[in-house]
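For reference, chains read A, B, C, D, E, F and G in written order, and residue numbers begin at 1 within each chain.
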Amino acid sequence: MNLRPLGDRVVIKKIEAEETTKSGIVLPGSAKEKPQMAEVIAVGPGGYVDGKEVKMEVKVGDKVIFSKYAGNEVKIDGVEYTILRQDDILAIVEE
Amino acid sequence: MNLRPLGDRVVIKKIEAEETTKSGIVLPGSAKEKPQMAEVIAVGPGGYVDGKEVKMEVKVGDKVIFSKYAGNEVKIDGVEYTILRQDDILAIVEE
Amino acid sequence: MNLRPLGDRVVIKKIEAEETTKSGIVLPGSAKEKPQMAEVIAVGPGGYVDGKEVKMEVKVGDKVIFSKYAGNEVKIDGVEYTILRQDDILAIVEE
Amino acid sequence: MNLRPLGDRVVIKKIEAEETTKSGIVLPGSAKEKPQMAEVIAVGPGGYVDGKEVKMEVKVGDKVIFSKYAGNEVKIDGVEYTILRQDDILAIVEE
Amino acid sequence: MNLRPLGDRVVIKKIEAEETTKSGIVLPGSAKEKPQMAEVIAVGPGGYVDGKEVKMEVKVGDKVIFSKYAGNEVKIDGVEYTILRQDDILAIVEE
Amino acid sequence: MNLRPLGDRVVIKKIEAEETTKSGIVLPGSAKEKPQMAEVIAVGPGGYVDGKEVKMEVKVGDKVIFSKYAGNEVKIDGVEYTILRQDDILAIVEE
Amino acid sequence: MNLRPLGDRVVIKKIEAEETTKSGIVLPGSAKEKPQMAEVIAVGPGGYVDGKEVKMEVKVGDKVIFSKYAGNEVKIDGVEYTILRQDDILAIVEE
């Protein structure tokens, strides 16, 4: 992996809605305007972001729920990633 | 339960409007744009959120009134949950 | 009463416009977009709300004037209450 | 007078545009979107309002110029008052 | 002069566009959406305004350039004044 | 020059797009919504502006790139100047 | 290079979408509303920007992903550059 996010940003890779996680969460593909599940691929250093201290709470490999329309998408080696702020991550899915 | 909310976020499960709580609160199903009642399922750690200290005041099992359109909905094992910020919770219903 | 408001929120019960208070204030029922009078039913703990210190200045039983469209309405045991932030209360009516 | 404004709020009573003050200020009744003159009826305690210190600079009896559309109107014993924040008062008219 | 502005507010009197100042500045009467020149008539005390320290940098008699649509207009003894915040004054014209 | 900008404001004079600077920058006259080049004519004192410390980084004579629609225009002795905040200056052009 | 960005601004030069970086990232030319890749050409000093401390995390030569519509474009010696705030840079591409 070769994207190093800045500040409080996080790189995630969406998990297809059809996939079923160990914990049994299923997000149907037709769901609209609902948060999605993703895997954390890279985590920014946090620190002082916009003058406010941000401590990173997610780590690489975490499964997370995030706001569907948050962040920016970028394609790397044919794979789509999303770069968003940690604050757009709603929860960590524990298995 | 396997969702661990970040920061000041809280996972709640709506209580159907037709249900009657011990305290006798009834929120009619046809009510529009009114707050709803829910049970707290998981509570984030609070701490410094967006540079401001947030102390969590709700705990798992609390019955709460929240702004109907606040937060994001997510389906887990076929059950709908809402993930919102504690600030979108208006009051705790005491029984 | 079994609603415990969070932070700087206050639960109030509107006083019908047709009612006349001891202090002689009358708010005609046809008045539009004007503040209304209400009685304070429950008061949140205040403290640090959104990172700013809020000291509660109203207490249960106070008659208050508030912005008509502020807050959220909720029905408890058939009675309508409004949950709003203390900052949406304009003044206390002293008798 | 029986309205006790909260925080940095001030209760004022508009002075009719046709009135002429000792200082000779006349605000024609047809003036639109212009500030108006009023007399201060009650003054909030100030203190920390929305996390910022506010020191009250006006006192009961002051004649003030204020933004016409600022604040909320309320009728007490048949008389219309306006409740606004001190920051919506532009200047004190000295006689 | 009998207007005492509050906080960081300043009372100014517009200088007609046709006037020529000693420094030779001419602001044509037909200019639209451009700043205008005015004379400072009264200056507020500054201090903590909206929780931020404001030090007054203009004084009575200063010629200033200000944003044309800033502030509120008020007529005193038949003369139009503008009450605006010091921050809406762009520059002092030195002669 | 007789304009003394307040706070973090800067007076600049646009350099015509047709001009070629020593460093070879050319900004075509037909360019739309693009930043422009200008010369710094006067610099405010900085200090605490809107409660935040601003240190002036530009000096009289600097060639700067600025956001085309930032600031206010004012005509002095027939010459058009722009008064803007330092934050609307994007970069200094070094020769 | 002769642009010295102010504060937390950064000068970047877009890398054409058709280019393939060593790390194999390809951003197709037809991509819309997606972040783009660029090379950092000049970096501002950071420091206190708008009253908040900003520490620069990118350096000249870095390959970065940035929000496509962020910043201002400027043409220097026939080459197009973009001047944006560091906060509009999403991630550094490591090779």
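Please note the rule applied: a residue touches a chain if its C-beta (ideal position, glycine included) is under 8 Å from a C-beta of that chain, and two chains touch if they have at least 3 such contacts.
Values in this document were obtained by computation on a predicted structure and should not be read as measured data.
A.B. asks: What is the set of chains touching both subunit B and subunit G?
C.D. replies: A
A.B. asks: Can you tell me the C-alpha superposition angle of subunit A onto subunit E, nearest 5°?
C.D. replies: To bring subunit A onto subunit E, one rotates by 155 degrees.
A.B. asks: Pick same or different for copies subunit C and subunit D, depending on whether their interface residues overlap by over half.
C.D. replies: different
A.B. asks: CA centre of subunit D versus CA centre of subunit F: separation in Å?
C.D. replies: 41
A.B. asks: As a quick test, compute the distance in whole Å between the mean CA positions of subunit D and subunit E.
C.D. replies: Averaging C-alpha atoms per chain gives centres 23 Å apart.
A.B. asks: What whole-number Å value describes the gap between the mean CA coordinates of subunit C and subunit G?
C.D. replies: Comparing mean C-alpha positions, subunit G is 51 Å from subunit C.
A.B. asks: Send over the residues of subunit F in touch with two or more other chains.
C.D. replies: 51-52
A.B. asks: Are the chains arranged, by touching, as a line, ring, star, complete graph, or other?
C.D. replies: Here the contact pattern is a ring, one closed loop where every chain has two partners.
A.B. asks: Considering only the defined contacts, which subunit E positions touch subunit D in the complex?
C.D. replies: Against subunit D, subunit E makes touches at 2-7, 9, 11, 42, 44-45, 47-48, 50-52, 72-77, 83.
A.B. asks: Which residues of subunit G touch subunit A in the complex?
C.D. replies: 23-28, 31, 34-35, 51-55, 57-58, 65, 67, 86-87, 89-95
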